[in-house]
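Note sheet for the following structure.
Chains here go by letter, A, B, C and D, matching the order in which they are written, and residues are numbered from 1 within each.
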Amino acid sequence: LRHSLGTGLALAGFEAMADAEPPPWMKTPGASFTNYGHPSPFEKDAIRWISANPGAPGNGISWTPLHKLEGIVTPNGLHFERHHNGVPRIDPDQHRLLIHGLVKNPLSFGVDDLLRYPLVSRLCFVECGGNSNAGWHAEPIQTPAGYFHGLASCSEWTGVPLATLLNETGLLPQARWLIAEGADADALNMSIPVEKALDDALVALYQNGERLRPENGYPMRIILPGWEAVLNVKWLRRLQAAQEPAMARNETAQYTEPQPSGIARQFSFIMEAKSFITHPSPGHRLRGPGLYQISGLAWSGRGKIKRVEVSADGGKSWAEAALQEPVLAQCFTRFRLPWRWNGQPLVLKSRAVDETGYVQPERSVLIDARGHNGYFHYNAIVAWAVAADGSLSHVYA
Amino acid sequence: APEGPRLGRPASPQDIAAQDITIFPDGGGLPTGLGTVAEGHALYDSHCAGCHGLKGMGGSAEELAGGAPPGSPHPDRTIGAYWPYATTVFDYVRRAMPIDAPRSLNDSQVYAVTAYLLYLNGLLGAQATLDARTLAAIKMPNRDGFQRVWPGHP
Amino acid sequence: LRHSLGTGLALAGFEAMADAEPPPWMKTPGASFTNYGHPSPFEKDAIRWISANPGAPGNGISWTPLHKLEGIVTPNGLHFERHHNGVPRIDPDQHRLLIHGLVKNPLSFGVDDLLRYPLVSRLCFVECGGNSNAGWHAEPIQTPAGYFHGLASCSEWTGVPLATLLNETGLLPQARWLIAEGADADALNMSIPVEKALDDALVALYQNGERLRPENGYPMRIILPGWEAVLNVKWLRRLQAAQEPAMARNETAQYTEPQPSGIARQFSFIMEAKSFITHPSPGHRLRGPGLYQISGLAWSGRGKIKRVEVSADGGKSWAEAALQEPVLAQCFTRFRLPWRWNGQPLVLKSRAVDETGYVQPERSVLIDARGHNGYFHYNAIVAWAVAADGSLSHVYA
Amino acid sequence: APEGPRLGRPASPQDIAAQDITIFPDGGGLPTGLGTVAEGHALYDSHCAGCHGLKGMGGSAEELAGGAPPGSPHPDRTIGAYWPYATTVFDYVRRAMPIDAPRSLNDSQVYAVTAYLLYLNGLLGAQATLDARTLAAIKMPNRDGFQRVWPGHP
């Protein structure tokens, strides 16, 4: 028996078994089933980091901990938040979407109506125009990567093509913009070009399979793949077709980028290609020389990521990373590259190229073009310095 | 686009008017009502100054007056220095402020605080009254300070 | 002012505004930010349905409510559960994976070790071998579609290729099976062919971006794309290379299919192509004649879904549904088809064809081949009867 | 497969023996120890019968004795009727039963309840003693009742 076909090896038998103490969770029945699950209590660091206004606690942001995540999907509980006045508790039976203005037939739609409409699903990112804005600072911010670049998340959104609804209302020929308004306590309003509305805009009802989360627009929101998040109006209640934009506060006073010339960029909708290394990144620590896997995220508001290159010498030489399938347009793309660390200090960078040929710029190039006061649309190459002790920090290099 | 089942309910002009709160930069959408700088000053001090500071400066929330102009080394996004349209102040305050009680001011009160904010920014005199006509007529200093990136997005 | 460039329409102005009462959630600040989010309280019906043994509450199943979901991703909180003795609360720092048996170098790996290994991501389904087993019953079960077919879920799994670990241990030439064992109170063990282990098996660490959920195997589990879920051993603690399978209880007494001949199918690993209509389905109700969108899920353990056909006349005629991109191997595929209901009673069906040419069978064909006592691997065409009042029921037709 | 960083810690025979609880159908892995049907009967009645019923029938949990054979109109998956290997009983009971206190029986106790279950299924006499050798020698009635679908999966 001691040399069995199955094991082919001598077995220590009873004596060894008697010594073995299984872990406690193998000796007691585990927890029961749950109607809706939660993360492990041992993963309590994988949280959204909140930065809100103490005088107006619903006004602020919370970042997705991208330095804790892998793959491309953001779990719904960790999708970044940007609220102007908190998360409304909307009763879907009391909520309607009104489409009016320069339309032939103004119409309003109940949530249950829209649930019966043709639906389309889209894996795509949503990124705040203000994501990564610490990059404009004169000194490199020292914070985990997700709390620097994590005003971006990626989900499978399912919704009604906005074009389907606009077919029903009709658009008058003068209609060039659609002013979208949320049903939150900020009644946030933004003007969307009709071209985008008719192209790939969704009135999203589902996020990663389930109905939208309250903080992501329940019961319905706009999704404009690749465009800055503030236009993806949450808690959507009204779409008003108009000839000109509303010049709302968030498309004039905010989400515009002052330049050194004194002229500010406005209606800068597309989120340009960006990438950064999530593993390793500040807060992680390399355990001595040896083989590591560099892993990171890249995306572009213009389409698919074509290539991501990684440098381990501060940008002097670059190696092409592998892109994890599926590589989808306007979607997070995971890149990975094996890397052998020799224990010396060095600087890691990644650089994304999208299918239009656009190349993620070095920081100096972006700053030269935009100055230091743009605040929005920071997408420069990110550099992590690795110290001899294996710790990482954010550097401008 | 795929065809829908046409479940939309026709919206009457009344339905629409009851929900439509958009103010356009040409003044489209501005309601009747009016307010003075003096009324606005009183309203501001009781409902707004706690966050935005007396005279729109030095509070915990955004500064609403003063600020360096575009092109200076540290430009600000304050109303007088940056905002291209005065109508935006009315639109935004009516829909969103005070942040602890949005939609609590009536339209005349919104005209009044808007008047006071414009006064603080040197855009209205201390005795001024604001209504739809006078608000739409205001030309902001930074009116031409913006370049539309869309649709010619480089 | 009343005819503005922006609106182009007369505006009702102040009087109408004074009448308008915004909903309460536009007049009071909303809820604050949260470190980890939850579904809307209005979606409390979108839950896993639990069926557990009262005498052993950790023994049972809970179904994903697929009739409530859209798209292809299953949110982590709703991934189906099958536990034999509850969900262990495993401290990842106390947990290791031991690989031994017919290997050259027996090795054990800590969780933090594996997190440094090369990772691969895979969007794929996990389906219990016992999913849909009510289909074997003589009478059609009347329950929402997810509580019939929802022992299947689809996630982005990220993990270390098992082949990478086996490269490090080496395998002796006689090794044909790997016996996987969980660290739960059932110490569940299953034998996996070495071919699959070296092909596409993962030791998964992440599920939809975040670390595995406790009920889905935290801190690590096996993922065998396309193979029945019981082999995707959760809470993985041990892999033992052997020449023969262990003939464990769950690969002999369970997860085998008795046939009319008296001979049971064993090691029936691959989950064959399946599809069913999620919308509309029993529990939903059509609101009178008109246009609807049929939407459903298809998948195959053998690869990609090539085609899904839908019938609205009980299988006499079929129309090809649109497949939502991305269409990935061993992954949920969402199909959709516009459909105009004339108000008459009829029977809806869907039929999946995979890239190998395998066609999902009619129920009568499956029953003829397997009899009524197989219990596992039920993948026949599903039929929903639509009554004149718009209600739906499950029928054998 | 991609190359790994080789962080595995070598496992000694002692480490392995302490964790390895697999029992193979040829008896590989069976520990020393032994138990009788009579001892098993007593253990079963106090630790198992509450769920599985006296004599392995009529409880809330799986029936462990009796049952219709394969090929009959309503075949059962019970031990005597269906299970191909007796070693599986030892392996499973030791790792998983009693479900409210797994790993609470020592190896001799597991031999004893296994013996009693085999006795209830007519596969051991009332006086029998079970140990590694006698357990591995048992041929189950449905030993040849399985067809391997893998790798020839149709």
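Keep this in mind: a residue touches a chain if its C-beta (ideal position, glycine included) is under 8 Å from a C-beta of that chain, and two chains touch if they have at least 3 such contacts.
Treat the numbers as computed from the prediction; the structure is a model and nothing was measured.
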| In whole angstrom, how far does the Cα centroid of subunit A sit from the Cα centroid of subunit D? | 50
| For subunit A and subunit C, what's the span in angstrom between their mean Cα positions? | 25
| query | subunit C to subunit D: how many Å between their CA centres? | reply | 31
| query | Between subunit B and subunit D, what is the separation of their C-alpha centroids in Å? | reply | 77
| Residues of subunit B whose C-beta touches two or more other chains | 2-6, 16, 19-22, 24-26, 99-100, 102
| task | At least two other chains touched by the same residue of subunit C: list those residues. | result | 5-7, 22, 26-29, 56, 85, 116-118, 120, 185, 187, 240, 242, 244, 246, 292-293, 338
| request: Pick one for the touching-chains graph, please: line, ring, star, complete, other. | output: other
| field | Chain pairs in mutual contact under the definition given at the outset | value | A-B, A-C, A-D, B-C, C-D
| In their complex, what parts of subunit C are in touch with subunit A? | 5-9, 22-23, 25-43, 46-50, 52, 56-58, 60-62, 68-79, 81, 83, 85-92, 94-95, 101-102, 116-121, 123, 155-158, 172, 174, 183-185, 187, 205-206, 208-216, 218-219, 240, 242-244, 246, 287, 292-293, 295, 324, 326, 328, 334, 336, 338
| message | Per the contact definition, I'd like the list of subunit B residues that touch subunit A in the complex. | response | 1-11, 15-16, 19-26, 50-51, 60-61, 69-71, 74-75, 77, 79, 82-85, 87-88, 91-92, 95-96, 99-100, 102, 145-151, 153
| request: Please give the residue numbers of subunit A that touch subunit D in the complex, ascending. | output: 1-7, 10-20, 22, 26-29, 290-293, 338
| task | Give every residue of subunit C touching subunit D within the complex, in rising order. | result | 53-56, 59, 84-85, 96, 98-100, 105-110, 113, 116-118, 120, 160-161, 163-169, 179, 181, 185-189, 193, 195, 198, 237-238, 240, 242, 244, 246-249, 252-254, 256, 258, 260-270, 373
| said: Going by the contact rule set out above, which residues of subunit D touch subunit A in the complex? | reply: 2-6, 13-14, 16-22, 24-33, 99-104, 106-107, 132-133, 136
